[in-house]
Amino acid sequence: MPPWFLEKACLQDLLERLRDRGYAVIGPTISQEAICYDEIHTIDELPRGWTDVQQAGRYRLQRRADESLFGYVVGPHSWKRYLFPPQATLMTADRTDGGWSMQAPVEVPPRYAFLGVRACELAAIRIQDKVFLEGPYVDLVYQARRERCFVVAVNCTQAASTCFCTSMNTGPRCQAGFDLALTELPTGFLVECGSDAGSELLASLPVREPSAEELTAAESAREQAVHQIQRLMDTTNIREDLLTNLNHPRWQEAGERCLSCTNCTMVCPTCFCSSVNEVADLGADHVRRERVWDSCFNLDFSTMNGTPVRNNVASRYRQWLTHKLASWHDQFGSSGCVGCGRCITWCPVGIDLTEEVAAIRGDVR
Amino acid sequence: MTAKPRLAVFKFASCDGCQLSLLDCEDELLAVAGAVEIVHFAEATSRMEPGPYDIVLVEGSITTPDDAARIQDVRANARFLMTIGACATAGGIQSLRNWADHQEFLQAVYARPEYISSLATSTAIADHVPVDFELRGCPISRQQLLEVLVALIDGRKPQTPGHGVCLDCKRRGSVCITVARGVPCMGPLTQSGCGAICPAFDRGCYGCFGPAPQVQPRSLTGHLLEQGAPPRQLVQLLRNFNGFAPEFRGESERLISQQET
Amino acid sequence: MEPARTIQVKVLTRVEGEGALFVRLRNNIIEDVRLQIYEPPRFFEAFLCDRSLEEIPDITARICGICPVAYQMSSVHALEAALGIVISPEIRRLRRLLYCGEWIESHALHMHLLHAPDFLGYESGIAMAQDHKREVARGLRLKKHGNQLLDVLGGRAIHPVNVCVGGFYRAPRREDLTALIPDFEWGLEAAMAATRWVAGFDFPAFRQPCELVAVVHPDEYAMNEGRVTSSAGHSWPVDEYETAFAEEHVAHSTALQSRRVPGGTSYLTGPLARINLSRAQLSPAARRLADEIKFESPCQNPFKAIIARGLELVHAYEVALEILKTYRPPVPSRIPYLHRQGSGCAATEAPRGLLYNRYTVDATGQVTASRIVPPTAQNQRQIEQDLRDHLPGLLHLGDAEVALGCERLVRSYDPCISCSTHFLQLKLERS
Amino acid sequence: MNQTASLDLPLPACNPWLAHSVTIDRITPEVAGVSTYHLRFVDPEAARNYRFRPGQFNMLYLPGVGESAISLSADPRGHVTWAHTVRTAGNVTQTLAKLGVGGSLGLRGPFGSCWPLDQAMGKDLILVAGGIGLPPLRPVIYEIAARRDEFASVAVLYGARTPDTLLYQAEYDAWRKAGIDLHLTADMSGAGWNGAVGVVPLLLDRLPLADAARTQVWMCGPEVMLKYTVKSALRRGIPAGNLWLSMERNMQCAIGLCGHCQLGPEFVCRNGPVFPWNRMAPYLDVKGL
């Protein structure tokens, strides 16, 4: 289907049409001195005229010369927060005369419309779909949210120094997995449609056919992002190179820098590890099983008979990197990394996985 | 336990905040009081029965010769001794004296230092007697206190997580204050339990739950120094309420000796 | 010489911190009364030196887990005075709200769990709950409100993390505060009911016409600022505090004792002092209630401090409600400032009484000198005096009853011993 | 993608997180610290639909305390109660041990892979177990006893620390009668013990093999035991492809979604616990994996 053109001022219509259809619109907005995903009601809440400057262990907001609404890349949050919430109730147990009565939680799952999903993030959602929906077991919490969500993607027109989606084949161009995809131009958006729900919504918007100049401008804006991507991760044979180097000295070396703080796994849009807590009242008559985000960096994450299996930071860093980049292929048929660069930016000591991989493979080649 | 377990609370050098946490369990207090026999808790009751006790909560650090003797007595009467709070588990803020000239401190505060009997150091309870369980925090978390008490009453192991503050920050959606604003934060080195409140209030964590397991403070301080944090500020961050916990202490001393060379 | 009769309370209970009482009589004449504070010294004033002034409110909070906000308030005000920072009216209101949280929490705790059991003859609030479940449950709920307010404003009730020099690290969101309004509306009524309840207790007949000292403000019932004012008709700006009051180190106590200069006499701070000096400025509901229960003016019976606390509880609820209902987040939440060399002091009203702080800072933002005078250190001498005056009426009783009577009197001051560490066991010796 | 042996495994119906309510029907004390709990579903419908294969496990749930993975040790043909043989270790198992007959708990399952019975048909089969490693193999023994003629020789090599900690001693006669060659050993000898003394792999060293190439070895026990059993089997000429083991790891979800049980590329809960040794071999000796 050929793309359409939506005037800048009409983006608000898009928001409203989504809200008419019962969606809570989640989009980028400035909070805590970063671009975070949160519910928005008007396009004025978007980070108009702001950009982000990222490097290993550092993130800063900065004013742009123009009034772009999407002139930045990805921030500390990912959509995982909404599809795979940091806290979710799995079941409840209540003590009755006839023993424990176990119930699944009754919840009306929210209907989310995600505005501003980048190509790497579409890929990340695709990966979590494989994890949570396409294995032998379906995760009902994820499924309920995922099935009801509407995705408005945005093509990146610039890149951060930490981005490496081109290496991971996930971006910067949005190919699939969206209902609508926007490319921002100074006067408006080129809109592509990726689903029936997308076309249905598009039909309610005041769009027109784009001019040839607009099409070219959009093309070159997207190209700009491609050119700005500097970071590379060579993925040839990466699975074997990592899994056959489990005793490489570099793990030890990285283990001395890594704080085992879990930040990389928390910001990663695909990491899915979790733990279950028992939340009980004092007499333990009413119990809720609560699932929370967890991480392979935690000492007590992998215990056997009360002792940690991965009893030093190096082994936990190795678990993370090898899972992400190697064993993920065995488990889900793709890499677990989409090249968004979040783990590089948000590591408080700036550990860069692309560098670690290169160091480990350097000795191999 | 067949009879209700006898619970006692003892205080050493401290601010009373951790034992107050028990009274702060407003919704559960009466139920807790129903499940245990509170036989010694000077802050809350005039009942003062002698030991032995089944569960003893100890708040505060050892700072006087009398207290050093008293803790032996408390231990001898305790089946299960649990320390509560940073003072009891790491010496507390008063352990700052451990690096200072004690006489100078005495003179700074008291007109007649000869009236004061105090040790040159403030030390953790575990430096004096065996401790069965340590509950961290300055102050402790009331939820964790309840969990430990309930677990003890039920005869199971308490579930108190050992991860760092960063994980809780991310769960609650806080943006990393070090990465996004350059504010030095002890979060990556600090055990969770507080619910990651400081970064949620736009400030760095000051480490009040003490070191997380297997922390490597050196990596963080090295990075913060590179980013321009003054060494002095890092030393002060490390030398707070858990300044004498081995991991924090080691790093602050290393930073200082590095400064001096 | 005849042997002395000693009455001793080895560990004062239902007070915060560690203390004891010692009384020695010879021929039924009181020879010595000592409120002994054996709370181990923690040297706060010494190690505050050389710390960054930004750290001070976090550290001073640790002086006392019962009234950390008071320590934070006095220290930030003193530091702001040293740096010449003028806070905005919005920040001031938010601080007042925070202080209301602490007053509510602390007063509800003392009334219900610590002091009321004395009047009704129980060893603790928990034991009292068996027969007075409704009242104790109500008290706990009131206390919880105070804590909830502190949670929202400061992140947690004990050692909240949001107070900083210049204001707050982060202003609370309006929704989070307005959500508290229904509870506080219930609480205002409940606080009145609780006050009527304690006003109905049997009070020992005891009158102590001592000098009362409190911070007094022309426009409001003072919490955060005002002139240091005495019932003897004096009033000083805070920076003259040290000319009128001095601390002395006595052998039996790790706490310093304050007294008036010159003269060396004792004085009293706290709820009774405040209410006697500022009754007219209580909130309307508290004022009406004081009249309704015929709270005498001035009230000179220390046992009735429990009623004064009740009235202040009502007051704090009403003030809090007013602020909650009209709250707008202050922008900025924190007044920016530059470091400079200077010295500043402040006195605020902790739940237990006047809390004075003074700091000197250098141009790099380090503290070079500090002085902290907690309420109980100021009351300590007056408590001893009151015991001397109250004791004769008790001496016909057995030692245990005398001890209990003394303990009750001491508890009526809600002494916070842990904070008086620069601040007890009753020992009564009689022949 | 890795898929476990091609059987269509029984999976829990609908919501895999939702536990069924079960009650303890009977408790058989086995040895010190180990009991077998016979559980009955409260909901008869759930009982009717419940099937498992030997090697699979359930998550037993004690509300307020937590869950533990526990193998099914029952006869898979049973229909009324499901047995679990549990060693008292930590919170969950201690709490379970305090519940008496009639006690209520939760159960999710069955989960995981199973022993490759189909592959073993007509072949020689050796089951090797150490300590609490026998319960996961007991359903196999029941299955074989019922279908004995479908297999060639069947040997069970079982060892425990001391003779009195050998599980299921009352059933040994029945197993032997059913044509199962049972060899026992104890690490330490004890009063009245006239069996072998030493670790389990020694039993394998000594076992006569009719045709090593057609012999299957299935094992479950501590990781050191597995390691030496594998060594012994390979030394005896049993092809690596014929070795199967049951692995243990911390599990929380049991459905490959929580990440706890990962070992190299495997989710032990979902792809295991029963694995062909081949598949685990590259990871078994790596420290801290």
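Of note:
Labels for the chains are A, B, C and D, by order of writing; each one numbers its residues from 1.
Convention: contacts are C-beta pairs under 8 Å (C-beta built on N, C-alpha and C of every residue); 3 or more make two chains touch, one makes a residue touch a chain.
This structure is a prediction, so every number in the text was calculated from the model and none was measured.
Top-ranked chain pair, ordered by C-beta pairs in contact, is B-C.
The chain closest to the protein's centre is B, with centres computed as averages of CA atoms. Inter-chain spacing, taken between the CA centroids of chain C and chain D, is 65 Å. In terms of their C-alpha centroids, the spacing between chain B and chain C amounts to 25 Å.
Chain centres here are Cα averages; for chain B and chain D they lie 44 Å apart. The geometric centre of chain A is 37 Å away from that of chain B, both derived from CA atoms. In chain C, no position touches at least two other chains.
Chain contacts: chain D has residues 65-66, 90 touching two or more partner chains. Within chain B, the positions touching two or more other chains are listed as 154, 159, 202. According to the touch criterion at the top of this document, the contacting chain pairs are A-B, A-D, B-C, B-D.
Chain contact summary for the complex, chain B toward chain A: residues 28, 31-32, 35, 146, 150, 154, 159, 161-164, 166-167, 170-182, 185, 187-189, 202, 213-216, 219-220, 222-223, 227.
On the side of chain C, the complex with chain B involves touching residues 11-18, 38-47, 49, 51-52, 55, 58-59, 62-66, 68, 109, 113-114, 117, 123-127, 129, 133, 136-137, 140-141, 143-144, 147, 154-159, 161-162, 164, 168-170, 247-251, 254, 256, 407, 416, 418-419, 422. Chain contact summary for the complex, chain A toward chain D: residues 90-91, 93, 95, 98-104, 131-132, 135-137, 139-140, 243, 246-247, 272-276, 278, 280, 284, 287, 289, 291, 294, 296, 301-306, 309-312, 314-315, 318-319, 322-323, 326-327, 329-333.
Those residues of chain B lying in contact with chain C across their complex are 11-21, 23-24, 26-27, 29-30, 33, 38, 41-48, 60, 63-64, 66-67, 92-94, 96-97, 100, 104-106, 108-112, 115-116, 118, 122, 138-139, 194, 197-198, 200-203, 206, 208, 233, 236, 240-241.
Interface residues of chain B facing chain D in the complex, by the touch rule stated above, are 154-157, 159.
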